[in-house]
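Take a look at the structure below.
In this document, chain identifiers A, B, C and D correspond to the written order of the chains, with residue numbering beginning at 1 in each.
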């Protein structure tokens, strides 16, 4: 259950870029693109545009705390004239730095204007910052992105083109990053060598796009061209897509949780359908944890596809057990403890008729703290379900992520200190089955991936110092 | 597809009432109740509370244009102290009168304060207003509700109690009304003799509730007691629910469209599960309009249950074909004509993998103008669906509604001037089947209902003058 | 010192009306007019317009809590198309009824639309409300204005024209009222028989105006025609100003405090210059309370003209002792007790060089609680003034006002329980002189006036019941 | 006439700093201080605070576009806990960079947090930026302040203390700067060697202050200690004020226009009373341009003191000719050309009685374009003034300012292309007299000053490149 309202997994960020080589404005494309990526970040958003036929210092941007819906209106979109632009949606960060951290990050540097949007989390931010600070750098945000911009600006001093500068800078970055960079006349995309976060290329007539997810291309009616490869840098200029690499091809570490939970069900990442991946997970759960039951239901939204998979594999009918209230948003006032109305109930209600007197298999994408799922199991039983068998389409969460996912601290992860049986008991399920680590490769056949949050195998390294910096 | 974003059927209003006999505040119950009823009206909302242990003039209220989310915050809810209250969500109305028309309607009259929330539409508003105006009444809103309040105030002059005044007033009203009235010490509910709009009673410990839909009771963890009967008035006072009638029991005319589209899937209305009603409709469509296909899909949200019904009856697998973007709200900037991005695409995307190469049966709740469904069929075909067979879980719209539903004018209803075949062709479906008028009784077994929008049989009468007044 | 920031006298309301007989829009005239009257009320404001060439139900309005500056913007003003309109600025009222009470009051009644703006306070509101309530009236605000609108609507039933209805209604009102009424084709002004509050007529080309003060006419470049007489009703229709009376000519009771404090220094009321009136008050103080000194200074803004008068009469030089910070507005955070920064200091600072080593005569318009003036005297002494002689251009406040001025309750009026000497001591002045009641006639030569707040002589009567209703 | 509403001289910025050595919060002191400095900048404002007993990275800040009134509320001020802080009010800048340019400028650098507020304008910004850019610096704003922060950060690398870093950085700056810098444990002030902009030190118990103007110290009840000297750097640490210099004592170039117009009448700058300076200017005008007249009036606010001076010198009585509407602020909708209502009229009205039939001498502080004064002369004549003799308490504007004043381009300065007689004629004055350049020394006896805007003698140098950077 993807819930800004609930206490679960923090999501990350989404990036988008557009370049119309005929000179038409791209702000409204970016606006709709960001809508399509809103699930990746609800804290802040922004759009920056430049006119490739204008001055090298030409730029207009607008960014603020809030949803795309709240930050932009017609007048603002109309004022953002320019045929090359960058957009960003952002999750997270505490404290008063919120607005400062919103992106795209827009700078003046020796070669004019540079706009940048970043998704991911570096693991060598502290080292890079310290290094920059010792030569006099000043930092106005708490983001990795500022560090990346600094590196690009420095590299640009002794490189011949902006793409070369991005390439050199990218070589110095460790961890996860999918970047979209807008220079006065080029739109550049880059993806870290391990490929943690997605990034793809699209096109519609003479407009080129970069997007975190393919679903955003569908939204604006653009054609999906291909994914940016891990370690690749693509430069869109003069109506062409030029590809280069800043890293050898190495074994990648795509975030497996993009397939399980982060990405939209209708996106394709590196050739793999997110939908299929989730259906597959459900199918595996059906094979490994069969149980006699009358109905398979999914917890909206991310549990639904896995429930379909479980149903197809098991032959047990699929049912629609929940009504989800889509009006409950960020600013929703959470019920006080003593009101005995759980936030989950306001967001989700059981369709009584569907589950009454039934043995129900309930599929959800993950268990983090265990609180939300306990409430949902209770709701099903209150509605008359005879049994509730919980199936989880990911392995138990046990480790922190340093690559852009905001996992609660270990003491809050229910799987760290509890056995499977203890968890089952605490959530009052009649049986409980998690996807196993060995099953994960089937979710993205042919791709190597990162499962550090389940295994502790941090392929992208661990930061030496953990400062109070934030992702993206 | 229930879409404030799209151009379809206007929804109506939702009412909610709460009375804690121990004196505890009820504003937050009403707040969560209104969240649960938000689908019934997104234009404005409000809460009014009084303290039954206070003065008869004691009242606090807050109402404004906007969603529950936008109109209320913690400070406002906390400031609304009082143990008896009334809430309202409202759809519709154009022009500068928006804010004035928001409810609850709060008045001072000879007996102190009266708060009122109304769902429905009267058919004798003009006559009543004229009658009142000729005795010097002044009107500050364009709502039916003001007229009802006037009548109550006048009846109160020669009746012994507020409930008798409501009763007398109710006898003069024609058309549709579900009322929640808060007096200084009583909470009163009344429902028109034909029972157009729903209204039910709930309880949680020592708090009593009135609500448009039972789902709102679930949301706050209250127990559903029973529906208010058509022609009944219930008075909650001194910890009791007292029932009375202001009308003979006559053949009712429940709005059939509540089952098809308006109400939440998880609500029960007059003993009938909305979910089951929709599943049944799907089943009927499967029997009447069978077709060889690979997949049944529903258009979110209201088409989903009928798709489940079609699938169960036909044995053709149910599939999840769409991703719905729940961040797209009222303030969304609609794409300009020439941008070739339809609003539908931003709101809904096809999960390509599900439909590619498949013959798809697509179930939606209704066709109004035909524009939205044409776009959705196109999206499915663009995503690779080989065939798209459209099944509609209601008969074709042909007539206006005078009882609280905002149907577009007849020239905009695609079924008025087009044959079934012409509609099929215009939406580019491979086949098309509507639920038939004869099927409607199966949707709410044992209940008599209103199907005027399909048949023109206006059981509640037709207004003599159609003024520029608005419902609720 | 006129200070919304300080705790002093509540101000009242301002009304404005405009009618362009050529059909040009008048909203922007009203907007500037309300700016000019903003000192009369800072709580809420509004504009209502109709098109005399349109339907009788044609109306557009916008009103809200806030300053003219805050409530209106370009888009709103442009949307208010219409050639006949009414505007209002409003002071006062506590509680949640704020927005509901904002004006103009716009109603539908038997003859179409009526807009009304009211300045003043009735003394028979309770009687009228009770009378109306016993025939079934409902009240949606706590204003006198709603009562007046009801009366007009009722009278209209058996009168031949709107002006006759206003006339009949006016006969039933007791207390203070200056009304501006907009009907579908007429602009009407009426002023109570005692003439408590001002109202005047202006013209610019083919646009006619009604305004609380003449200064608002200057602001829009209109010519002052004449004052509306006490007991007179003027109807602007068909390019003419038609005069009628609803009351015999009786001895009037113009609010003397309009001259002393409320009105703008640049206004003329009933032929008397407010500036001259204040200069005269200063002159009288000089004659009655002479003292050897080096400098006469006025407390901005309302004390300045009287200081000029004192200086002219005494020959002691006029000095500019204060810098007034005009950025300190309604939303200013008042200093906490322990911060030892008084709100007065933030608003007002002494120009040290002017008063250092000087014996200063300081003229202010009134003393209410005594707190503000104590702070100002202290500031002057801290800045080096050797002596501070306070002269007050009004007699001591001792009684409540029932005609539209919000005087603190008697226990808070410093003059009620303290002798002159005690007051002098408490404010630490070296001498203190108040204008005397006998001096008041010289402030408005030839006019009879009300001085009830000083004398307790309430010519307009005292309300039988003092309910929780608010003025205007 | 100081008018954000009018088209005249842009104002500059105001800075404020506070450090309570006992550890008490200083945000509310800064809040009131900024209120007192609001006349120096109305575009944006901000406060940054740190706790000297906390971490070196401890900082909280809030800044935004708007007046102090609009940007801050009680909750925000309360959230800004910290005993050392910096505040800023800012004038100016076009384009979308507004919010980014607001101050204080808060950075992380090698030694922790640094907050900075700046008033003035550098003349070597471009050179410094280019130099920084060639070593890879990135710029996120268009302000001088960012450049200064960079320099301080770089100098800090090879200096032993923050004050030494500021000192070294200050040596590289050319042009005008009054700086307030907050480090984790020190509050530092610095003023350019020519002393263009004011800066002074205050104290209240154990709280130390830095402020652009002494009037802000009065506002919070603090004692004025002394001015910061041109070329001086003061460090407040450990309860002491430590003084150092980064420049030889050279002939200073205080902005003479601070005395004439910018500063508050109640401030003292470098020992000279602004009030006295203005009175003196009036006196000189009386001697040089005597005329037979009945009355001397000043245009509010900055013309008033000079009018007092003219009156005292000439013996012609001082009069209060204008009512100034203090509610007309930034968001005021300017009248359209064809409305024949000038913005000046809405802001200012003549008190008819004062000037009618009189020969009037009108004193204003400056003439820039001539439009405003033309309107005011017309208003006086329309009100019946027989003659209007204009006296201007500054010489004619003829040259740009590079030190923090936003003078319109030369083609818009009425004095550039018109003789005195032509100006007089164009504003329809009966006679016209400007202060002469030779008179200026009398305005600030003993101080050497900058009069570049009148003489073109730019003692602070002229920028080599004029980029699109903004002051402060």
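General remarks:
Convention: contacts are C-beta pairs under 8 Å (C-beta built on N, C-alpha and C of every residue); 3 or more make two chains touch, one makes a residue touch a chain.
Note that the structure is a prediction, hence the values are computed from the model and not measured.
If you take chain A and chain B together, no chain is in touch with both. Each chain gets a centre from the mean of its Cα atoms; the one farthest from the centre of chain D is B.
The distance from the centre of chain A to the centre of chain D, with each centre set as the mean of the Cα atoms, comes to 48 Å. Computed centre separation for the pair chain A/chain C is 59 angstrom, with centres defined by C-alpha atoms. For chain B, the set of residues that touch two or more other chains is empty. Here the chains touching each other pair up as A-B, A-D, B-C, C-D. On the chain D side of its complex with chain C, the touching residues are 28-29, 31-32, 35-36, 38-39, 42, 67-70, 72-74, 77, 215, 218-221, 264-266, 268, 273, 275-276, 304-305, 308, 312, 317-320, 322-323, 325-329, 331-333, 335-336, 339-341, 345-346, 349-354. Listing the residues of chain C that touch chain B in their complex gives 57, 60-62, 79, 96, 105-110, 114, 133-140, 142, 146, 149-150, 153-154, 156-157, 468.
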